[in-house]
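What follows is a set of structures for review.
Shared between the two complexes below is chain A, which has chain B as its partner in the first and chain C in the second.
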Partner chain A sequence: MAALIALPWIEPDKFALHVLSLIAIASIAAMGLQVLLGYSGQLSIGQAAFYGIGAYTSAFLTAKLGVPFPLALIGAGIAAAIASLLMVPITRLTGAYLAVATLGFSIIVYLFIKNEEWLTGGSYGFIGIPRAELFGYVLRDARSSYYLNVGVGAIVYFVFARIEGSRFGRAINAIRQDADAARASGIRVTLLKSECFVIAAFVAGLAGSLYAHEVRYLAPNDFTFWKSIEILIMVVIGGVGSLAGAILGAAVVVGLPEYLRAIGDYRMLVFGAILIATMLFGEGGLAALAATLGRRLHALAMRLILKPTASRKAAP
Partner chain B sequence: MGALSLSQLIDLVVGGLAIGCVYSLIALGFAMIMRATNIIHFAQGEVMMLGSMCGLTSLWLLPALPLPVVIAVGMASSGLIAVAMELAVYRTLRRRRVPIMNIITATVGMSILCINAARIIWGSEPLRFPELFATTAYDFGGVRMSPQLFWIMVMGVAIMGALQLFLKHTPTGLAMQAVAQDHEAAQLMGANLTRIMAYTFAISGMMAGAAGIMLGSMFFAFFEMGFITGLKGFVAATLGGLGSIAGAMLGGILFGLIETFSTVFLSSAYKDGIGMILLIAILLVLPSGLVGLWQKRR
Partner chain C sequence: MSAATHGEGLLEVRAVTRRFGGLLAVDAVDLAVRRGSVHGLIGPNGAGKTTLLNLIAGVYRVSSGFLRFATDDITRHSTAKRARAGIRRTFQNLKLFGEMTALENVAIGLHAQTHAGFFDAVLSTPRHRREERGITDRSMAVLQFVGLAGLAQARADSLAYGHRRLLEIARAIVARPALLLLDEPAAGLNVTEAAHVSDLIARIRDDGTTVVLVEHHMDVVMRVSDEITVLNYGRRLAHGTPAQIQEDPVVIEAYLGRAGETDRAQA
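Let's turn to the complex of A and B:
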């Protein structure tokens, strides 16, 4: 925690901070899917839909309506959550059917973003998104937006960390293990499953809003099925069921290609292979690996990843 | 929009039936794998795409190849690829008795792997097939029809007919049906489960390969063509009734018609969305598809 706060002062490289911001944003979306998949056992390949809805809602509210950023952030989460209510009937579906239905939903949302030019700018993209501001203070430099993104990420992390041991957390865990047995024990399965959907959509919306104000330009291609699959990969290679794993997965999926430009073209090829390999060899993903190595080594690894960037000052 | 002339209507129906045959072939692959293993094979569209690419490559190497040979190349390469996936990954996962979701996640990984491998091998530009069909329209008693669409329909029906004969009248086909119904019982009757599973993947891959050549010749071959088309094949399989062979054929044709007509009458920008809305609607309202509806009425 202290390391995260101190980091921008030790390592003030703009590009590194931007990448860390993107990692924080991705991990928010990934933690949402972790609750959905890891805790309640529902596979969604459509998280990009909620991420996109959040991003465009926030962009629209701030750029077109002049709504202050904190409200737009919450608004983005709420818009995504409301959109996910459309999906509530779908939570009756299980397993692969649910996965396909969410994928279908995300394709519909992508087509909407691409075709409704009056609202989203269509293929030209949404430009002119203002910087994030908090209480009249505009977050101008990479350091302050780093604090914003990591801060929201930390809040999501701590809230979700409390879910696990709570009554709600135990109930959805029971649903994941055996929905029929859970129903027989008086757990309202459909309601709780839907709640997980709404929670995951809400944080995906938050992540979308943060992304919109970090990058300040949105294009439909940021929200294709590939994005959904990326979020899924983060969760799976990080370790299904582990919040820290979701963050670790986000760091790998977002951070690695930024620093290993050489793997650029092969990036998704590598991730596809890792996905299969994780299924074949290591169920717990990176989180299980990391758990054995311990927290200290984790911090050390973060420093090692950041070192090589001191030499490059590329602006984001 | 507005009123259509008769010849325009016929054009639409023929176009819908031809693309419907393509969807049927992909849907058959989904259905066969679904029946035998209970997994949704997300990489089915990619198997199709790779078949299309291999067929096209064979045409580059030997430009004089006749159409049936190209189709055979596509079917053979897709079949081999599907079997390789099964033997390398899915079989191992099944043996370990991992939750079915893990296998499905692995098929998603397989799909990503194939798309990106294809992008590296064949590049990201759409590739046009050389002219495989006669270009002058056939005339059936005043009804004009493009030879391409005509032959796609003929081949589609022929391949599906051959599959039916194979499943109903050969020992291997019957063993596949038996395995699909009950793994243990079929094994006790002497069916070799590993081999039958490999055959199932081989045949579903071959169906996809044929579809890939047809689709590639109608539009073009493209590294991402498998994803959305594969998904539409799945919509077709769901529409017909998941896990039913007849349902997959019917669902494919029907979905081809629905898509073609809704593109004209509703919106072409949302062409791909129509299938998805249909998919979600079927899963919610009619999860056993058209075949289920028919069985319920009996």
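Let's turn to the complex of A and C:
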């Protein structure tokens, strides 16, 4: 936490801070999908739709209606959450059927963004999005927008971390592990699954809003179903079920191409390879890998430190 | 039957039929379960016992017929609604939440009795903290009751088979349901473990929960049941006290028959 606060002063490079902002924004969307997929077990490949709805809502509210940024941010989340209510009937679906339905929704939203020029600017994109401002202070430099994006990311992280070990968290976990047994315990499965959908959409909307004000130009191609796939990849390579994993996954998926420009168009190929490797190493993803590495290093360190005693004990 | 005149009826199944395509799994079955009793449900494989249990629990809807629980017509109610109204069950093929601890599995059983939602959890409201304490205390007490207190923090999928059976029962009774449906709770258990389950069922009844028991272990059924209904080919074959059922020539022929001699001797 302290490291995140101190970072802009240690590494004040504008580009680095911008990339970290983008990672924080992607993390927010990925953490939302983590609640949906990792906690409640619902596979969505349509999160880009809610991300896009949030981005364009915030852009429209601030640029066209002059709504202050904090309200537009919340408005973006709410707009995405309301849009997700359209998906409530499909939360009865499971597995591949649900995934395909969310994909369909994502495609519809993309086509809407692309074709409704009067509202979104269509293929020309949405230009003239103002900088974010908080309490009359305009976030002009990379450092202040870094604090905004990382700050919102941190709030989302701490809010979601509270779900684990709560009645709500237990119930959605139960639904993922065995929906029949959850029903038999009196859990309203469809209702709670819908709530997870709305929560994930809300934070995807927040992420969209932050993105709009970070890059200040939106184009429909930022919100194709590839974006949905990217968000899913973040969750999967980070480790399904782990909030920290969602952030690690976002760092890899967003950070890697920024620093390895050379891979450019081949990035999906690289992600594909990472994805297969993740599956081979087990479901835990990077989060589990980091934990295992930590344990191994700890064990190694302990062995090195305790070696004399250990060998003495082993001798007789 | 004489036994049915004691105590008031908690569950009434009337002329319930369930078809699966051309198969009549349950055919116009009547069942009256008295409050405070253990009602055994026996019959050969494929007799429709588990289907009837699923109809009572709401997993399947009846093709025709009527279900009354206490004073309510529950024929059209969902599984979750029936569970919230006080009908809980266990599963023949164990359905535990494997990645959770034993304690968390039991805590799930209290979901409907508690109210804290997403925002309570996020804000850690007093209501949330109070509820969590109550959930933990009650769940621990029930683990103690079934004999699993020492394994509260063990992951459910790491438990021995017999312990998993007990954990299912703990999850089903934690909310003090009016009616407990047990689907072969002693399946796969050895004699000692089965005796422990019989004893547990009696204690659950004594605590005020009415029990419907589907079970193949005849010694368990005969020992703890106050009444028994026998199903065969989806129809009700007989109904009475354990003593009456063991003497019933129709039952002996259809079910206890050839392999039944040793069972009867044991019981």
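Just so we're on the same page, the second predicted complex is superposed on the first by the 292 of 316 C-alpha atoms of A that agree within 3 Å, B and C clash if a C-alpha of one lies under 4 Å from a C-alpha of the other, contacts with A are read in each partner's own complex, and residues count from 1 in each chain.
Convention: contacts are C-beta pairs under 8 Å (C-beta built on N, C-alpha and C of every residue); 3 or more make two chains touch, one makes a residue touch a chain.
Quantities reported herein were computed from a predicted structural model and do not represent experimental measurements.
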Partner chain(s) touched by A:V100 [first = chain B, second = chain C, both, neither]: first
Chain B versus chain C as contact partner of A:E195, first or second or both or neither: second
Which superposed partner A:Y124 touches (first chain B, second chain C, both, neither): neither
Which of chain B and chain C A:Y217 touches, first, second, both or neither: neither
Partner chain(s) touched by A:R183 [first = chain B, second = chain C, both, neither]: second
Partner chain(s) touched by A:N173 [first = chain B, second = chain C, both, neither]: second
Superposition-derived comparison: chain B or chain C, residues of chain A touched: B
Chain B versus chain C as contact partner of A:L232, first or second or both or neither: first
First, second, both or neither for A:I45, with chain B first and chain C second: first
Touched partner set for A:M279, first chain B, second chain C, both or neither: first
Contact set on chain B toward chain A in their complex: 39-40, 89, 92-93, 98, 100-106, 108-117, 119-120, 227-228, 231, 234, 238, 269-270, 272-273, 275-277, 279-280, 283-284, 287
Contact footprint of chain A on chain C as seen in their complex: 57, 59, 78-80, 83-84, 88-89, 91, 95-100, 104, 107-109, 111-112, 114, 116-118, 120-122, 124, 128, 131-132, 135, 171-172, 175
Complex contacts: residues of chain A adjacent to chain B: 41, 43, 45, 89-90, 92-93, 95-97, 99-101, 103-105, 107-108, 111-112, 114-115, 225, 229, 232, 236, 265-266, 268-269, 271-276, 279-280, 283
Complex interface listing, chain A residues touching chain C: 159, 162-163, 166-171, 173-174, 177-178, 180-189, 195, 199
